[in-house]
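Scrolling down, you'll hit the structures one after another.
After this come two complexes, each holding chain A, first together with chain B and then together with chain C.
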Partner chain A sequence: MRWSKPTALALALPWLLTFAAFWLFPIVYSLVMGFTDYQLLSRGYEWVGLENYRQLLADPDFIKALKNTFVFVGGTIPVTTIVSLGLALLVSRQFRGRGLFRAGYFVPSITSMVVVALIFTNLYQRGGYVALLTELVGLSPPEHGFLFDESTALYSIMAMDVWMAVGYYMLIFLAGLKSIPVELYEAAEISGSGRIRQFFWITLPLLRPVALFILVINTIKSFQVMVEIFVMTKGKFDTSTMVYFVYEKGLTTQFQFGYASAAAYVLFVIIALFSVAQFRLLRRRQPLW
Partner chain B sequence: MVVPAARSNMLVSLGRYGLLSVILILMVFPLLWMLRISFMGTGQAISMNQVLAAGFTFSNYMDIFSGDLIGRPLLNSAAVGLAVTGGNILFCFMVAYSLARFRYLVNKLLFITVILILMIPAHIIIIPLYVLMLKTGLYDSYWALILPWLVNPIGIFLVKQYIESVPPAMEDAARIDGAGDFRIAFRIVMPLCKPALAVLAIQVFFTNWNSFLFPYILTISSELRTLPVALALYQGHQAVDWQHLMAGSSIAVLPVLVLFMFMQRHVVSGITAGAVKQ
Partner chain C sequence: MCRKIRGVMGSQLVTIVLIAVLAAPSVIAGTTIEWWQFWTDPGIKPTIESMVAEFEQAYPDIDIKLSDLTWADGHAKIVLALASGTGPDVLELGSDWIAQFAAAGHLADITDHVAAQQDGFQGWGMATYADRIYAKPWILGTRVLFCNRGLLTRAGFDTDFAPITWEDLLNAAVKVTALGDDIYGWGSNTAEKHRLYKKFLPFFWSAGGQLFTDDGKYCVLASDRGIAALHFYKQLHDSCGFVSNQRGIEDAFLDGKIGMTISGDWLLKRIEIEKRPIDFFTTLIPGIEFTGRSFLGGEFLAVNAASKKTDAALKFIDFITLAKSQVAFCKANRSANPASVEAQQDPYFKTNPNLQIFIKQIFSANHPPVNPEWVNMETAIEEAVEQALFGSRLVATSLHEAEKKIMKLMQE
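Our next item is the complex of A and B:
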């Protein structure tokens, strides 16, 4: 390692520049804006201290968005994790046609969110395919379609998100399953433990790091749910989420940059807390289950 | 009842295939639905009967290519996607090489910034990036769609790990022969990194091709719409024109599907790379 420093810096320069301009600066800038009443059309702006944050906590729209985001995260993540683990177990062993099933399960997750949201808008509409299925089961679908009813809209979007994400996390679980040494199962077989015991004593404990990795990335992603809300409901029918709120306050009608930045920072802190908690779990030595 | 071993095995595997197939249908059905609607005549109602009974026509595809729904956005998506992907291949390699082969104080700092970005949710920059683009005059230009995404921290990680697994002997030999730093980096190390760069390229291209939020908020003129933006905004006209919308959606999905089919291994290893090295 006796190489010249200028070269090293020159090579890293594109990263340093884009990082400073498009990440570091915006992150700091947004923190600062959060303490001002800055709006698009205002001449200047004034420091308002913690006023934005105080207003947020009293804003029913914000509380609603906060609640919906937590419903979304708390509802989708356990289902997605369990279903994707189930899928991974189903297609992990060698059998004829395995590649086809794996690819088929995975395909939704590389499809554009906008396209998926459009397709499901159609499936969920009044008299649409899902309504038909609901009637077949003997239930009555919402009168104006699943996305036009406060009691079903958010859950319908959540179901779509689970459908879309399971194949992706299945792949990660598969990689985790592959890294478990076969000898462990052979030893268990010899000592006479059945499939179920093997699953609880070998598979699950050894999948813990992968499972927690999945939890962390899925949490960060799910807290930021926005595009599907934009395409499917525009935040109506009690589906607004935190990032949708940031968009709505900051980049439509009034362009309240300060207020929206403060809201974004609240979510930022929530995500950071969750990530730190999950990383703590990831580091823990003793088994979780 | 005692079932002979061979027969019970067959039953088990039959049940397994049954279950697998039901799930497969659930997973691909919405995409097939999209495809079916895209071939239905305009004006036909999207009811179950119609979907089954209606014929096939290519007219929706003809319409969208001659109209403004797909033509320009398709070009925009392709151009921006290629620019961002190319930029990532070049720049992520440069940074990764610097991180992998040089030791100096800034190195640690760089590494910390990479980690930081990995952890920071992108939503935090929505508002400030919008304001920044407005103030710098980059708002509503191709630059706004390309510049912020030219270097991807996950890509840096991926390539750095790969370079570290390559022994530096060849580089030392080249140095003795009098090759300069840049020559070594681009002529010797970069070609060796092809597998990692291919994985990176696919990841970046997919993400960029599908992305909606930032292209939507950082542009306003319809000439700059990318495919997802055009599709999301097309819905808003009058009564939803599902046939054309689904034809456009099918076009948007096609390149990703084709790339996936031909480069499945690269796609998969890009996704699992982070997870297994925990």
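Our next item is the complex of A and C:
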């Protein structure tokens, strides 16, 4: 059935209106605000051009948040991808209790981030289980707990994030593994290829679209890390990230909407650049490895 | 059929108009005041509601519409409401928010209204911005030193010992820590937003430190006295500190693991409600040679500048801040510091030695400067303390950096 243009437009109108009012308008409005000195409590605002962006680059708190965000992204994405692929390979085999393992790995990813963050805050505290495990392997845990130390706080949050995310990406990898024809492995076996050779020459190349999808999604998600920082450290102990910085500047204390909007757009540009780069990689025809 | 429908609609319209006409006089005659407040705890909310009911009985032409806020997002809600011109008539405000809202023109100037009431209340300094008064003190809040008598006795001190000077405090904290067995002399706050600076500033003020020069033009946070104060605070933290957030410190204190810590009247409330068997006492904050200075804050009541019912709003504020209302509130909430001087004389406070300590401490307590940029300044101070305690920076370097940040805020 073919809809006439006015009918199609009428049917799409509710969504279009919602999109325009609650997505498009705020996006454009915050772009404009980024060029003003608008603070929520002030009676007016002035056009300041690129001043907010200039200030951001000179703001040590912003630079620190930027650095932490890159550490978070650079640290979690490779580990999450490799671990989730490993788990997918393990649970794709036939063994007793396979369903239990699959469900067990997946459960953290459907649990509320706030709940997980509160549980890990407890685990990471002085005398908590993680400290005890650290002592068991002969290392000395931070004196006041893992989240109260600049050298461990961010990495502790990253470890929790990896633990939480791997189950979800494992499931996507599993779907990818299922789509690889069994005949390819049979042919490889007949030609005398071992397991490792099969993995590098069949599994990995054919999982490329799935892996890149995971990379794109996980990159965007990791750049937006905020909730765990808010719950576990409130940005203290060198754990502030870009979204947390935007929240702090825009929605606490002085409500500096102009400045926070500029910071949000810096993050937007970074995510956009990464996504474009990853999509271009996705379109490449030659094998990646 | 059509005529029938029209008939029904017509009669409905007449009914609606009649209801509107009949209801109108009562709406016009009465004034409704909207009050946003933070006391949502089931232990205190009924008292708030009964105070409102008493007011409505005393002023039948004024109705109060009560709305609850939480400390988690109350500030943001107030900012959004005031900025959009939809705020309530009466607001309960934390002392450090007053300057921010007053400077932006969102609070009514009540200087003339409260001119004759000033001797009857404490805390006006926190409500005064640019020589005008923008809020009325309701319930003040200060902090005192909580000591575990059992641990001090075990550490070799007499049962009537109370630390008066920094030397006493450090000596006692070291000896209690030496008891070992997961026991600490001092409860030291972690880098908790809006809390850490409140723990450091009493030491800073007790050392004679000033945040600004007398003319208010320069920040002098990193003076010799300021540096000495942070050095001492770090010494306590490093040598005897049980480091946690405020709740964690209080839990450990109630579990008998901490010798001394600074806290507020809410800890007295916990001890009473939870029926903790702890042998404790409270005392004034120690200073270098004599007793020192504490931190002062509190709850204030203000009128929205955009309210068209200022007179009724002020009547309500005056009623809520009456001595008898404050005593009722403090009894229900176990608050120690009513702003009303008359309320402080009530036997409820006079007969309780711990509440007396809180009332005495008010007289040697400082409040932060009433400055719209204070929220950012406090962050700079907190970061300096955090860097000195948990980071790798030297005490003097971290304070100098905070001083520079505050100067920049002042110039802006």
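FYI, the second predicted complex is superposed on the first by the 282 of 289 C-alpha atoms of A that agree within 3 Å, B and C clash if a C-alpha of one lies under 4 Å from a C-alpha of the other, contacts with A are read in each partner's own complex, and residues count from 1 in each chain.
Assume a contact is a pair of C-beta atoms (placed from the backbone, for glycine too) under 8 Å apart; a residue touches a chain by one contact, two chains touch by 3 or more.
Worth saying up front: this structure is predicted, and the values here are computed from it rather than measured.
After overlaying the two complexes on the shared chain, residue contacts for A:71 are found with neither chain B nor chain C. Once the two complexes are laid over each other on the shared chain, residue contacts for A:237 go to chain C alone; chain B is not touched. In the superposition on chain A, A:251 contacts both chain B and chain C. More residues of chain A are in touch with B than with the other of chain B and chain C. In the superposition on chain A, contact is made by A:149 with chain C only, not with chain B.
Within the superposed three-chain model, A:204 lies out of touch with both chain B and chain C [touch as defined at top].
When both complexes are overlaid on chain A, the residue A:129 reaches chain B alone and has no touch with chain C. In the superposed model, A:41 lies in contact with chain C only, and not with chain B.
In the superposed pair of complexes, A:89 makes contact with neither chain B nor chain C. On chain A, the surface patch touched by chain B in one complex and by chain C in the other comprises residues 251.
Across the interface of their complex, chain A is touched by residues 75-76, 79-80, 82-83, 100-101, 104-106, 190-193, 243-244, 373, 375-376, 379, 386, 390-392 of chain C. Note for the complex: chain A touches chain C at residues 40-43, 125-126, 143-145, 148-150, 234, 236-237, 251-255.
Taken in their complex, chain A has these residues touching chain B: 1, 3-5, 7-9, 11-12, 14-16, 18-19, 21-27, 29-30, 33, 87, 90-91, 95, 97, 100-101, 103-105, 107-108, 110-123, 127-129, 132, 163, 167-168, 171-172, 174-176, 179, 209-210, 213-214, 220, 223-224, 226-227, 230-231, 242-243, 246-247, 250-251, 257, 260-261, 264-265, 267-268, 271-272, 275, 282. The part of chain B that touches chain A in the complex is made up of residues 13, 16-17, 19-20, 23-24, 26-28, 30-31, 33-34, 37, 46-48, 91, 94-95, 97-99, 101-104, 106-107, 110, 113, 117, 119-132, 147-148, 150-151, 156, 181-182, 185, 206, 209-210, 212-213, 217, 227-229, 231-232, 235, 240, 242, 245-246, 249, 252-253, 256-257, 260-261, 264, 267-268, 271-272, 274-276, 278.
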